[in-house]
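Got a structure for you, questions after.
Order of writing sets the labels: A, B and C. Residues in every chain begin at 1.
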Amino acid sequence: MNPDKIDTSREAAGAEAPQGGTAPATAGSPGGEQPASPPAPAKRQVELRGLSAYYGDHQAVKHVGLYFAATDVTAIIGPSGCGKSTMVRCVNRMHEEIPGARAEGEVLLDGGDLYGPDVDVVAVRRAVGMVFQKPNPFPTMSIFDNVASGLRFTGTARGEVDDRVRKALSEAGLWEEVKDRLGKPGLGLSGGQQQRLCIARALAVDPEVLLMDEPCSALDPVATLRIEELIGELKQRVTIVIVTHNMQQAARVADTTAFMLGGELVEVAPTDKVFTNPDDERTEQYVTGKFG
Amino acid sequence: METRVQYQEELEQLEASALGGLDLVSAALSRTLEAIEHQDVELAQIVVADDDRIDGRYLEVHQALITLLATQSPVATDLRLISALLHVLKNVERMGDQCVNICKLIPLSGNEPPSDEEMVKLILAMGAQTKTLISQAKRAFADRDVELARDLVRQDDVVDDLNRDCFRLALEIGDDADRREWAMTMLLAARAIERIGDNSVDIGEQVSFVVTGLFQEFEDASHPSA
Amino acid sequence: MESASLPSPLPPVSARRRRADRLARSLLWTATGVAIVPLVLIVFYILSKGLGALSLEFFTTDPTGNFFGDQGGVKSAILGTIEIVGFAALVAVPLGVAVALYLTEYGGNGRLARSVRFFVDVMTGVPSIVFGLFIYLTLVLGGFGGSSFAGWKGSAALALLMLPIVTRSAEVVLQLVPNSLREAALALGAPRWKVTARVVLPSAASGIVTGSLLAIARAAGETAPLLFTATIVKATTFDLNEPMNSLPAQIFQDLKQPNDELVQRAWGAAVTLVAMILIVTLIAKLIQRRSRVQGAP
């Protein structure tokens, strides 16, 4: 799964992200650099360096520097149009699929740049999975085939597929509910189940990172809470980055929260700090609902 | 368009209500001091009865704050403010209770005029200084003035010194069997006033919490100020 | 509507509005009638004129070319239509779907894609006789392939006719496949061609099949191109390189004859042709309905 040739044998000790306890840990300048440099390149750690993204001439993401620690859940919050979805889509290089769109800067996974000259885009997307806002199981495929689709795209041996599908469905908390109807169409499930199916599908290919773009906005509150529970369980296995409009969700689910505004990274800090005592006035204004 | 205007206004109102409780306390303290000075039992009873108003204020604002927590998901400064106001309310209620404690002592000291002018003077001085503390605490909170809040410690030291003076005086008077009981009750009263002073300092600490997000004890029995 | 207890607080529908409503409804009904009545009449007319010609002999013998006596049936015409149209479909459908795939998945809004779309649109409007003439001039006159008139040249003309229709309908169906599916497949690490082959095409499959069948139905009824390319013969032949009979050509020829029985045979052929096209169309509809029932969006 690792598209890069960088030595990944060094693990960050304790995988703790030193992004500041109670001491100010801000990114007040438009550069948005986290003051504490990240731990040495480690497994499943993603670092953005000077990332900028454009739609034609319009710059949607402005020189962002940020890292996502391995066993953490990082939430990206901000008002509509602040560039958070765009930024996240640069991590798995989906942004460039849009005609006229391009990205500059570096995105490092395990220390290797995903935008490097010889990097295979397809391999990047196998290492960095994505779950979308609206559940999108493939309509012509059964539940089993949906989860297996990622494996089949990458040419996995048939014998392995069964086991990995089962494992993925268990990890997504869906196995018990669908084990007796794996052959039924994926669309026959409820919204929350469909989204968990999509999560299973993404997990089946064994990614290192899971990007979630507002995964619960189309779901009812109970389904939302189940998925949040799931995120808590999954974070030991994959680095999770979640874009969300819902600040309470970010507060519940994330270890680290990053606030973006107008394409810039305004502040990134442990979640409890962002929601009890943020450093930047703009963050304060946003989380208390004074604008946005 | 401004968002959450109603919520902001409600929060401001609740803050005003909570701080208004300090006005009630100040008035109660004034009357208590007067009752001590003139041995006015009736006035003391009025203070005791009026404490219901302070308790009522506490319950009303407390409930409203809890509701706000449940319905508005306050975060950051708003959250710290609500937490601080809950503390302030508790202190207000305690202050009121201290006044009641003092007033309950007054009939016990008999219907005779006070036995020692100096003691009474000390108590009244403590009371006046404490009233200053209360209004300073209120101003510091309303203005979010951390420096003014810290100054409360110094002001409170005055009250503490006066309290010690009362104690010494009581020891002297204590030799006199006739006046001993009176001196003890006056000491209790002094103690209650000193507690009110400490409550004001606590309010000052809340100011610091709201503004900086960090909770620090200005001065405590275990951490005497520098 | 009678109100049982309380009077409605809202004002009732005004008389003027009621009149306007009735007027509009009757106008629409009239328009529908005007449109449908001729269609019904046509069906009725064809059936009344042609049903009489249908018999076992009609379906199993070739036309004999006799003016008097045994004129034979239209077997060669039926088989010829199936062969010519079948071969045309074999060429036009894959080609049309391929063009549609290019336009939706890879071309986007680039200049080439826009030109292709434009030309395809133009082609849908070209009269079928022009296609016939084109093939006539290029392939038939020159004796291309060692023959003048030939079945496959008829197929070529029909294929040219079908191509834009297949392309357009396939493109519409492909565009209806939600982009979120393509995104999901891409995000899983599928190369673009797999996204197209394993996700987009299966989702659009029933729509593409329906569109193709409708194009086939349309081509089966075309007369002019066949007259210039496959012309008309009597005997059944399975050699596409030879001139071949077809129902439209047979109808065309028989109808001109002053012999009543031949004319009736023409009507019978017309009924047969209409029935064949109807069957193909019904199959297309069935496929469409089945795919909807299965829960595909």
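Basically, a contact is a pair of C-beta atoms (placed from the backbone, for glycine too) under 8 Å apart; a residue touches a chain by one contact, two chains touch by 3 or more.
Being a predicted model, the structure only gives us computed values, none of them experimental.
**Q** What chain sits nearest the middle when you go by CA atom centres?
**A** A
**Q** Using the touch rule from the top, point out the two chains with the most contacting C-beta pairs.
**A** Chains A-C share more contact pairs than any other pair.
**Q** Could you state the distance in Å from the CA-based centre of chain B to that of chain C?
**A** Here the centre of chain C sits 93 Å away from the centre of chain B.
**Q** Need the CA-centroid distance for the pair chain A / chain C, whole Å please.
**A** One centre to the other, that is 49 Å.
**Q** What is the distance, in whole Å, between the centres of chain A and chain B, each centre taken as the mean of its C-alpha atoms?
**A** The mean C-alpha positions of chain A and chain B differ by 52 Å.
**Q** Quick check on the complex: what are the chain C residues that touch chain A?
**A** Touching chain A: residues 108-109, 178, 180-181, 183-191, 194, 198-199, 202-203, 205, 294-297 of chain C.
**Q** Where on chain A is chain B touching in the complex?
**A** The contact residues of chain A facing chain B are 22, 247-248, 251, 274-278, 283-284, 287-292.
**Q** Any idea which chain B residues touch chain A in the complex?
**A** Against chain A, chain B makes touches at 2-4, 7, 73-80, 212-214.
**Q** Considering only the defined contacts, which chain A positions touch chain C in the complex?
**A** So the residues of chain A touching chain C come out as 92, 94, 97, 99, 122-126, 129-130, 132, 134, 136, 138-140, 149-150, 152-154, 185, 187-188, 198, 201-202, 205.
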